[in-house]
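Here subunit A shows up in two complexes: once beside subunit B, once beside subunit C.
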Partner chain A sequence: MKTLKLFGLVFAALVLSFALCLPAGAAAPIKIGVLGPMSFTQGEGHWNGASMAADEINKAGGIKVGKEMRPIELVKVDTNEFLSIPDATNAAELAVRRHKVDFLVGGFRTEAVLVMQDIAMDAKKVFIGCGAAHPALCTKVTKDYDRYKYWFRLTPINSKFLGKVDFILLGTVAHIMKKTLGIKKIKVAVVAEKAAWADPIVNISKKLLPAKMGMEVVGVWRPSPVAKDCTAELSAIQRAGAHIVFTTFSSSVGLTFAKQMGELKVPAAAVGINVESQKSGFWGATGGKGEYAETINTYARVEITPKTIPFYDKYVKLYKQAPNYTAGTYDALYILKEAVERVGTVDSDKVVSALEKTDYIDTAGRVVFDKSHDVTWGPNYVTSIGTQWQDGEMKCVWPYHWQKVFYKGTVPYKLAPWIIDYWKNKK
Partner chain B sequence: MGLVSAYFRRGWTILRSEVLVLPSRLAVLLFIIALMAVPLFTQDYYILRILILTCIFAIFAASWDLLSGFTGQMNFGHALFFGVAAYVTALLNLDLGFPPYLSIPLGAVGGVLAGLVVGIPCLRLRGSYLALTTLAFPIILTGLVFAMPDITGGELGLSGLSRLTGSRVMDYYLCSSLVVILGFAMWKITDSKTGIILHAIREDEVAVRSSGINTIRYKLLAFCMSGFFAGIAGGLYAHFMRLAGPSTLEVSLSFQVIIWSVFGGMVSIYGPIAGVFILNPLMEVLRVALGNFPSLPEIRMFIFAGLVLVTLLFMPEGLIPWVRDKLENECPRCKLRNVFIRQRCRVCDTSLS
Partner chain C sequence: MLLDIIIDGLIKGSVYALLAIGFSLVLGVARIINIAHTALYMTAAYLIYMGTKLMGLPAPVAMLASIVLTVILGLLIYNFFIRPIQEHEAAVLIATIAVAMMIQEVFLMTFGGHYLGVSPLVEGYATIMGVKVTYQHLLALGLALVILVGVRLFLLKTRLGLAIRSTAQDREVANLMGMNVTRVAMGTMGVSVGLAAITGAIVVPLVTVEPTMWMHPLIMMLAIVVLGGLGSIEGSFVGAYILGFAESLVVFLLPMGAFLKDSVALSIMILVLLIRPDGLFGVSFEEER
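Let's turn to the complex of A and B:
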């Protein structure tokens, strides 16, 4: 009898402990795969942006799917896409088939994203691209809607519009130089790293600048993407009498070029694309000599929307660096949340129809997807910005009342004092 | 019925006297059976993707062994054949609408032509000079790919190729069958009279030439055959990935194929195949095992490099020849191989001890 009582006690204790340990009907998480080359800054941006958004959403209770609140579970998918395309596709397939993610965000190298896009489409998973700019990714949606409708691109704006902004920035600086220094015809030195992606910009510059923008191209220079010395190019540019250096850099040469340009006090304004100058470490790496370099950018501490500055500050506080455009995964998660909550399900087809109706103010502007599921560019939508290093800070200088667009915190573009002195004395 | 029975009896005799008597052959048989049986146990897309890519790279690695292992024409730019075939296959499929069963063999013909283009200027070169010259070709072609984006798709490559077959399982069976068939074909070539001449060219080209053999013709033949098999792999890759891009010409791919082959064991055909079947899935196993380990690609590469180094330190001829030599002994008289437990040769009865 005593043994029976003891057995009953142990049994009751076991039942009670099971009851206490089991979560009371915890909702299954919504799994989101974050694709990116995680050992590189681009992948870091993907992961940091997504982590920040997931934390915020989960702290607020999760995503409301029908009547239940479901938390977000992020799946880190290191695609290693810079080094191996098969690696990237294996990682994407692992996320889709094994981890059974509900949605995918991220991707960077277009060649890899094209294949990962197919993997996502095969599995009918919504994939929000946050990294690859090539228009071909979205063209597929219009060509074969039923298959590719699950693809959306949030960031960056597609390369066609990036090119447009590039030339707008150039035109704006040319206008300022004409007005400030009284120069009649602006002379431009086109400097692009020796890489395939830069070729179209060089070719268009040679045609467009003289024909449509009334400028003279004094020469084209193509330094190596990893050049450690650009003094020969800079001396030649100075001798050619260029007023503006139209830069196209994505690699470390951008750092060398900007630093040496400042050291030599070349009397020309650098404007265009310089990915190195988008990074917060640029000022320190150039020892302050990169001041006045202007580049296209996605984020700066400026009020593009009411969400931009809080996002920017929190990102800098958490990760000790400014966000780059791949951190747009932050907005991707919020856009997904909004779409899922509107349709009350994670069913891909229904989420696609909700995403198509997206009209959402995110940290980079107002997001509306066009027919090809690409983010709409233009005034009152996402414009991207132009940033310039001024007194050790990355300042937003464009849009500055462009098409009535002005973001609070934007400052006027500054010409380097040695440029002003040189061209005023020259007259 | 009698005929079927006769064939069955003959097959069984060959199996019993030629295959089951040697552990290496038995291992190959078991490997083929296991390879064909995989879809019966799992049709997981992820596993099948890894195995399909492994089969494709195995054909590619064996084709390198045919040229560089057997003929001694050290090719450091083998990705050229792979890439050319991938692009030719993609262009035929996308522009002319050729289905995979036509575009892949024609892509392989592209690989053959690439073999000729590389082979002819390299005929007078040997050793490191040959290796460095061959390394230049895929780099030159990458430049051309970027220079002609209207044809090649430039940085983006050519995408949207039709699928290899209708399903992942069928893709798997096609690729696994091809690795067996083409691997066997390459092995038979190396075992033939032509193979012996190729082998002799590697050992002493002057001696071969002095025997009245046109070594130029055989060396070009080796380049073309290697280009053909690498081309089949390139075409399969393009259709499976639905993309032919500049990554198919990357220097890293050329070096990868050398690592696989040297690890598995050069001058054997099955060595490089085994090398790919060990190392390629291993990288995925490490991905799953290490999960969200920071710097995952670097850690995987570190383990990969460490494994290859250790293997080569203790097994300079590669893993598979080392294992084979442990399990089998060569008869000093008739040169046939015997299982290590035998005291006397299974054919000539010579003592093996």
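Let's turn to the complex of A and C:
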């Protein structure tokens, strides 16, 4: 009888302790699908950024949904969008239908994201884009709010603002060249890969540079996005006497162009958009010949906000490479966490209304979503930065006291010595 | 500008010629349309990257090792994937596409889609009559010309070269004359892959190493081979320079349409085919049979 009583007590204690532990231990995880081309740098950025944030959040107890703390479970979804758009469609369907994710983050190529966006909207899943820059992704929100309200863009800033920063960087370098080398009228070679997103930049350049910026456009070159050799273009650019090469590259041609430009010591400064030069592998891939290339960027080891340098250092320590803009998934997870905690539910409609009220200091600036659910650009918000390769390091060179914005750690822009020598001797 | 076009066209044409002649050899001799030819060129490039950057080998050692390893891989591919179905040309075509895709996926899985680079053997550039050309480009041009002359001498002066040429001219008769056509095909495959590997070794410092780097040269090589005449080595040589110069002309004369350089090159091929359906130095397989 005594043994039976003891057994009963032990059993009761077991049931009680199990019941007490139940809320914390059995809380269902919040599933977040990370969409990206996982075999490529961009997909690695998506996954690494999200993993880093998920680890930190889970170690701190998870996301507080109402009264319970729920851990994050990431679902890696390889969209393979570099090689096949249909693969991206299937991947997004898989994430939504089979893995039944609560939220989606990532995406890179606009063509693929447009399709994945529709899949997410049909399933009423909040999707925070961290990769595609085309404005159309956000104008859909204003045109058909009820259907597209679940879409938000975090990184990069949209291509309209990328264009703005692009011309600011060009103007800054032109000013430096005029001042340093005494050039009266800057000659610009516009070199843009043949892709739809680059067309508006080329068209605006041809009008804006002579009319508003007092520069001369000596020619426009449109190599293929995957061109393996640009020596012919570079020879022609030198013959045209350009002081600046205004680049618009998102594909591998950016690497080829920068490498060959450095090898031939073309006496012109390369400035603009070159996605390849945003990657830490750029220096090694160009054998150091890409030095002095300047590009718009999202991250560098510079104090954009108090969170930037700790994030940057930890990312480099963990993944042995610098974060690129697709690693914005790191901030996307924190922004989602904040929104979910504010409304106390993972219900998509309620999370959307919370996200619309976001005012959050992340690693790239202050995030406030506008009416089209696009990240706000400008001083005191997200500005993006200009980086230049100097002595094997990617340095932030802009904003350099632009509109009273200066990030601690920013260094002055450097002209390549062969450019200085060439134009000084030319006089 | 004329000088720019000549120098640029010469360099491009020489690299294309190296690739196209290797492809043409094996097509002419064994009727093998080896789509994996440029995937093997990519293999050599990746092996050099591994040798120099990951294992720290001196560049010439890595280059030699990569050529040997690529040739071995090529012969294994021939033995296991091509030889058993060699009589079925369409099947060989499809099998070599599959092999090329497999090679691409292996590199994609191993190295990811990262763009990699190899340092040039010789740094710096020369200015030839106002045109800047890197020493590495000049080296590539020189080596390509030496290799092309070497291949020519090999085909004209050696027993295997004679066997290759006679098999290319008439496979049936060569067989009846007591030549081991299969062994000649194997030897030709070795030479062909060797040329692809040498091309990879020569151009690797000039290009970006990535898992899809085999596709563009494949299209150009096919265009050159068709333009020159299927299986004709002389035709491939001439075709390579025609398309090389065509590409340069487009960039210099039509900067806004620089991206069209491949399309223009392919249009020239179609134009020539309309006038001469067998290509410039056509060898008609149908007549031969």
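Simple rule for what comes next: the second predicted complex is superposed on the first by the 397 of 427 C-alpha atoms of A that agree within 3 Å, B and C clash if a C-alpha of one lies under 4 Å from a C-alpha of the other, contacts with A are read in each partner's own complex, and residues count from 1 in each chain.
Definition applied: a contact is a pair of C-beta atoms (placed from the backbone, for glycine too) under 8 Å apart; a residue touches a chain by one contact, two chains touch by 3 or more.
For clarity, every value in this text was computed on a predicted model and none was experimentally measured.
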Taking subunit A as the common reference, can subunit B and subunit C both be placed on it without clashing, or not? Answer clash or fit. fit
Looking at subunit A, does subunit B or subunit C touch a larger number of its residues? C
Can A:265 be said to touch subunit B (first), subunit C (second), both, or neither? second
Go through the superposed model and pick first if A:211 touches only subunit B, second if only subunit C, both, or neither. neither
With the two complexes superposed on chain A, say which partner A:281 touches: subunit B (first), subunit C (second), both, or neither. second
Contacts for A:197 in the overlay, against subunit B (first) and subunit C (second): which applies, first, second, both or neither? first
Going by the contact rule set out at the top, does A:224 touch subunit B (first), subunit C (second), both, or neither? second
So, A:39: does it touch subunit B (first), subunit C (second), both, or neither? both
Three-chain overlay, closest Cα atoms of subunit B and subunit C, distance in Å: 5
Please write out, lowest number first, the residues of subunit A touched by both subunit B and subunit C across the two complexes. 39, 83
Which residues of subunit A touch subunit B in their complex? 38-39, 76, 78, 80, 83-87, 89-91, 93-94, 96-98, 110-111, 114-115, 118, 134, 136, 140, 196-197, 199
Can you name the residues of subunit A that touch subunit C in the complex? 37, 39-41, 44, 82-83, 193-194, 219-224, 226-229, 231-236, 238-239, 252, 255-256, 259-260, 263-266, 276, 281, 284-287
Write out the stretch or stretches of subunit B touching subunit A in their complex. 44-46, 49-50, 53, 146, 149, 154-157, 159-160, 241-243, 245-247, 252, 283-284, 287-288, 292, 295-298
Touching residues of subunit C toward subunit A in the complex: what are they? 1, 4-5, 8, 11-12, 53, 108-109, 112-120, 125, 131-134, 136-137, 205-208, 210, 212-213, 216, 247-248, 251-252, 255-259, 261-262
